[in-house]
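The next part holds the structures, each set out as structure tokens.
Look for chain A in each of the two complexes below; its partner is chain B in the first and chain C in the second.
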Partner chain A sequence: MKALSKENKRKSRVNRIISKNFSGWLLLLPSLLLFVLVVWRPVCVAFYGAFFRLQGMEATQFIGLKNFKDVLTDSAFLKTLINTVQYVLWSLVIGLPLPFFTAIMINEMIHAQSCFKITTYLPVIVPTVATCLIWKMMYLDGSGGLLNTILYYVGIDPKQWLSNPSLTIPLIIIAMTWQSFGTSVIMYLAALQGVDQSLYEASRIDGSGFWSRLWHILFPHMRGILLLLGIQQIIGIFQITEQPLVMTGGGPDGASLSLGLTNYFYAFKYGQFDKSMALGVLMFLILIPLTFLYFKLDKKIND
Partner chain B sequence: MKKISNKTNGLLNFMDLRYGRYKLIYGIMAGLLILLSLVCVLPIIWVAVSGFKTQAEFYSVPPTLLPAEFDFKKIANIWSKLNFFRYFKSTVFLILGGLVFDIVINGLCGYVLSRVKPLGSKLLETLIFGTMLLPGISMVPLYMTFVDMPLIHVNLTGSYLPLWMLVGCKAFTVMLFRNFFNGIPMDYIESARMDGCSTLGIFFKIILPLSKPIIVVEAIFCVMGMWKDFMWPYLILGSTEKETISILLYHISSGSLPLTELDAMLVIMLTVIPPGLFYCIFSRQIMGGVSMSGIKG
Partner chain C sequence: MKKRVKITALVTALFLLTAMLAGCGGQKDSGKVSLTVGNWPTEAQERELQVKTEFKQQFEQEHPELEMKTDNYAFDVKTFAAKAAAKQLPDIIYNLPYTEVKTVIRNGYASDMTEAAKRKGLLDALDPEMMAMCSDEDGNVYCLPRVAYMMGLMVNKKLFAQAGLVNEDGTVKFPENFEQLTEYAQIIKEKTGAAGFCMPSTNNVGGWILTCIAYNFGVEFEKQNDDGSWTATFDTPEFHKTLEWLYDMKWNKNVLQDNTVVDATEMQMQLGSDRAAMVIGNSDWCNKQVTTCGMAKDNIAMAKMPAGDGGRYAMLGGSLFMFAQGLSEEQKDLALDWIALSEQFTADVDKEGYAKQCQSFNESGYCVFPRELFTPWISPERAAIVEEASAPYVNMNIKDFEEYNRDGIELRTEPEACAQQLYSVLDGVVQRILTDQNVNLEEISKKAQEDFQANFLDKMD
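Our next item is the complex of A and B:
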């Protein structure tokens, strides 16, 4: 009698383990399928396809590194690479410190704190293309653009904006920063909640001032998240495509052409899918060290 | 009005704020923030207001700030001229389907990785989160996938399905769900299992009711994200009947529609109003959600 019930118990446990594994994987199946189809397989296809000549979408002939050579020797490649680096640098100059200091300031406010939070996040909800259009119109060269309207009231003649090759990249970055910095502000604000208030108290007793507290207490606490968001931003901006596409189409005369946009043009303007894949692989190889760095830092900071 | 004497945390507290120089710093910070808020809000208002101007007003020298009159017929005109409702409907349909894919598939994945953990799921988890930040190598191969689906060889471009598939495998969302489910005590699940509840039963009777807050947050982000989305909807649905709002905006910006700049501004305003209303209703959840998820575009 006893042995039987033991046997039964064992059986039911085995059943339960089987059913748990089976139903578990059943529920994972849609996810697994999509990740394979949409995320992992395309990466492999790109690495494979970049070494082939494509006829339409069919890989016809193995041509080794020829696609890469074509991409690298394209007369515009070097300029495009420099442009892309410029995008990244400008975004580090404009887009990284702005949300950081905004968050610090909002955190200090006792008046209208949530109001500031809501207004700085507002641009995030505007559709990406609408943002590009709004800023494109503010940058309009004629007297209708908002910037030139402001200049008029200050008493300066209207200027050229996006059509000025040396201004176009920073102007695009300003529009992008306007759109996205609200998200970073909220994240920095959350991190600021974690600053140990007793450190401030101690420093106050020691008689250190505002700047010293900012530099010696707040900044070390925030360094981790600042670095993580910084790396994320570099990875993101390096692949910038939509904004130059909508705002300038790469112009004037290639001055705002980025690697991402070139990639898009190869594929969907010139139909050279093989070259596009080769460029994608190159960009991937450039960015992958940063991705590793990110994960290493993330682990270090969260541990 | 809140009292300064209540401010006990932050770089400056009530004791500091008795001193003139700290009051000055506080004042400067408040001033900068007001300026910044204006920069955030004014472009949107400028577009909305300028759309009502006449051509002559918009290009006049000296420039005008406000239009002479707000003629709301202009909106009705442009609405019917563009058949705006079609784009609107398509976007809403895209978002509704996306919501289902996003929450059901990513939610289930997060749940299983966190609370069921079948054999070998650890490997899947590592793979999913390990490839989370992979640079976007895959525009072309992904497009090829959608044009010629592996195994079944069906062309999916021109349908919503590819876009729904894209939101159905977002590693960040899986992570968001997993982290949330990690907070649900295993005891709940164990004791339900003791009582003979199946894995699915546990999910529907225990997990689902508990996870309402995370579902709401993810749903909000999904709606906002898909309303903004441009590149993939354009590649998949471009020049079909199913074009979305963002594609319409792109046509306007590339000048392929016979519209003046002023008409364009009215259209921009129309595309900002729905998410604007949405934001008014859900701003609290959105703020909470951004800091909860840690990382969100």
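Our next item is the complex of A and C:
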């Protein structure tokens, strides 16, 4: 009896919340449905499918952790994980400071600032596959590639680029940075516009130079956004797929194979959706703490 | 006022919901038998579209019970699995590669066509070796061979002529064995500057071509054990010799292409743009060489695979018709009738229909040969009709393809278990050889076998 009345109370509370702002809930409904169908449902299906043997996309038999075991015991898994971490590290080395310093340079400009803003942003609108193909042509081995042509004119023998296992990841990251750093530049620029100009003027009057201003005014002000974009970059690069797929196919001999690309191969090369889902879940679990950290930082910075 | 706000919100929400769900709507059942045909030509393929549309009109007249729909979807490895899993494939899928058959059957993407094919007399008219590749272990047929080929040596005639490797009658001097291939590649490189041979290395194509070559060195890639499990068996002196041949081509003779990241398209482009003189390929590539790679029709020539120390073998391949899962017997019959009419895929080929197809190919710029270079059909009567029907539209010189024949060559199928996975592992082997001059061949061979065994064969369900 007591339980029933508790249940009734809960129902009436839910009804109250809904009827209090019925129109709002109603307007929210389509977005909510879309969100459930497009975001939550695939995540749930992936978690579910990872524990089953799948025939196509249909679960035929519960097999517990076997898919996870298969993925983790793959002799290429460790190498792939290390490669993925390398992608992340190289992106932090190349992809994080470059847009930051470019933004500072543009911010310091007195003339043609808009022109530089636009030209910096232009590569962002080039489709990823086109970017990859452009850079792949530049990195071509032999005498056909742009880099080797330049080397030829300065009297140096052609080099191996993407086919050099120790260069392939940084070269892919350079191509990615070229394409995407315009967005980061714009975000850094927006943050730079928020720097209190009186601090700048005061430091100028005090006779401080560019580096001093950078260290004492800009860095403290930009620390938050740098961290935020850094974490966003780690999350994004950890899932890198298209770039190695188009530029190297994961080669040479797995030197540029990432977790994302392995996941793609499981699903679309071998038709092993169950293993693909298991790897997807593993990547999800690795990235969840970072995502929480991102939101926590975001909240802290915005507050 | 409050009520009005609520009504407005309700109407807006319903509108948004309807808009959102609009794409999910199905079509009303008209009571007719529906059939969706894939690979339908686009507006840009004007001539093909016109011919196909004429066939469609004729077919619909002959089958008033039919509601025929068309779909531009052509097989693409990147989208196929997702579409199949979502049950969004057209009922007839064209150009499924042989390597996908096992996956298609295992995942239940295709309809069992055994009875329907029997009813149409196809099973007795098609090459049993080809049909075995389209069937499951119990002999149930799931696909039909639209195009069949054996792997061979495709060459750029212009480069061969520049290197003086032509006979008196102008035909190409094809290498008879792999030693000769190396020798010719050296001559071509020396005299023309182009790569003598192009070896692909990515997207499983490197592994596929390496397998084709290795068969001729006597390599057996896997064997099935009594308990049904599989064991990788390729880490042998024969395979080491294959790798040594490739290494020699790259690092000692320097006759391979400069670029080491090469997929099928890049390999075909290298051949088509006079950057490479020889590739391992098949007769089905001729159209792509002409239409996509800009190669002149009279610049292509083909021969069978060169011989190796282990014999002379050619891998079988081709593309298939596949019929999506869940078709009724009536739909299966209609599907077979449709490909009989529009593709002349029938034991009793219609001379007029075949001629119409050849005319369409000719006008679309595709290659038309006086005979089928390699065919899944075993009837000599059919071959005679084909020859007669295609004669007025022939645009290829058959003399350049005379050496592409079955004489003295043994046909082999692809490795049965995990072929794509094997190719993927072998891609890595090719990439190591092409990029690392100090590579230890025996070591990479051993590692490749261990990886293939542990990552794929041991994990087969």
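The definition used in the following text is that the second predicted complex is superposed on the first by the 270 of 303 C-alpha atoms of A that agree within 3 Å, B and C clash if a C-alpha of one lies under 4 Å from a C-alpha of the other, contacts with A are read in each partner's own complex, and residues count from 1 in each chain.
Please note the rule applied: a residue touches a chain if its C-beta (ideal position, glycine included) is under 8 Å from a C-beta of that chain, and two chains touch if they have at least 3 such contacts.
Predicted model, so just to flag it, every value in this text is computed and none were measured.
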Answer with first, second, both or neither: which of chain B and chain C does A:V14 touch in the superposed model? neither
Per the contact definition in the header, classify A:E242: touching chain B only (first), chain C only (second), both, or neither. first
Under the stated touch criterion, which partner chain does A:F268 make contact with: chain B (first), chain C (second), both, or neither? both
A:M57 in the overlay: touching chain B, chain C, both, or neither? Say first, second, both or neither. both
Return first, second, both or neither, reflecting whether A:G251 touches chain B, chain C, both chains, or no partner chain. second
Classify the contacts of A:S23 with the two partner chains as first (chain B alone), second (chain C alone), both, or neither. both
So, does A:G142 touch the first partner chain B, the second partner chain C, both, or neither? both
Classify the contacts of A:L65 with the two partner chains as first (chain B alone), second (chain C alone), both, or neither. neither
Just checking: does A:N164 make contact with chain B only, chain C only, both, or neither of them? Give me first, second, both or neither. second
What's your read, chain B or chain C touching more residues of chain A? B
Check: chain A residues flagged as touching chain B and also chain C 22-24, 27, 30, 34, 57, 136, 140, 142-144, 247, 249, 267-268, 273
For a test of understanding, state which residues of chain A touch chain B in their complex under the given definition. 16, 19-25, 27-28, 30-32, 34-35, 37-43, 45-46, 49, 57, 102, 104-111, 115-130, 132-138, 140, 142-144, 146, 148-149, 152, 178, 180, 182-183, 186-187, 189-190, 197, 200, 204, 210, 213-214, 218, 232, 235, 238-239, 241-242, 246-247, 249, 260, 263-264, 267-268, 273, 276-277, 280-281, 283-284, 287-288, 291, 294-295
Under the stated contact criterion, what part of chain B meets chain A in this complex? 1-2, 4, 6-13, 15-16, 22, 25-26, 29-30, 32-33, 36-37, 39-41, 43-44, 46-47, 50, 58-63, 65, 104-106, 108-109, 111-113, 116-119, 121, 124, 127-128, 130-131, 133-145, 147-148, 150, 165-166, 168-169, 171, 174, 193, 198-200, 203, 224, 227-231, 235, 245-246, 249-250, 252-254, 261, 264-265, 268, 271-272, 275-276, 278-279, 283, 286-287, 290-291, 294-297
Where on chain C does chain A make contact in their complex? 5-6, 8-10, 12-13, 16-17, 19-20, 77-78, 81-82, 84-86, 103, 106-109, 201-204, 257-261, 263, 420-421, 424, 427-429, 431-432, 434-435, 450-451, 454-455, 459, 461
Per the contact definition, I'd like the list of chain A residues that touch chain C in the complex. 22-24, 26-27, 29-30, 33-34, 53, 55-58, 70, 73-76, 136, 140-145, 158, 160, 162-165, 247-254, 265, 267-271, 273
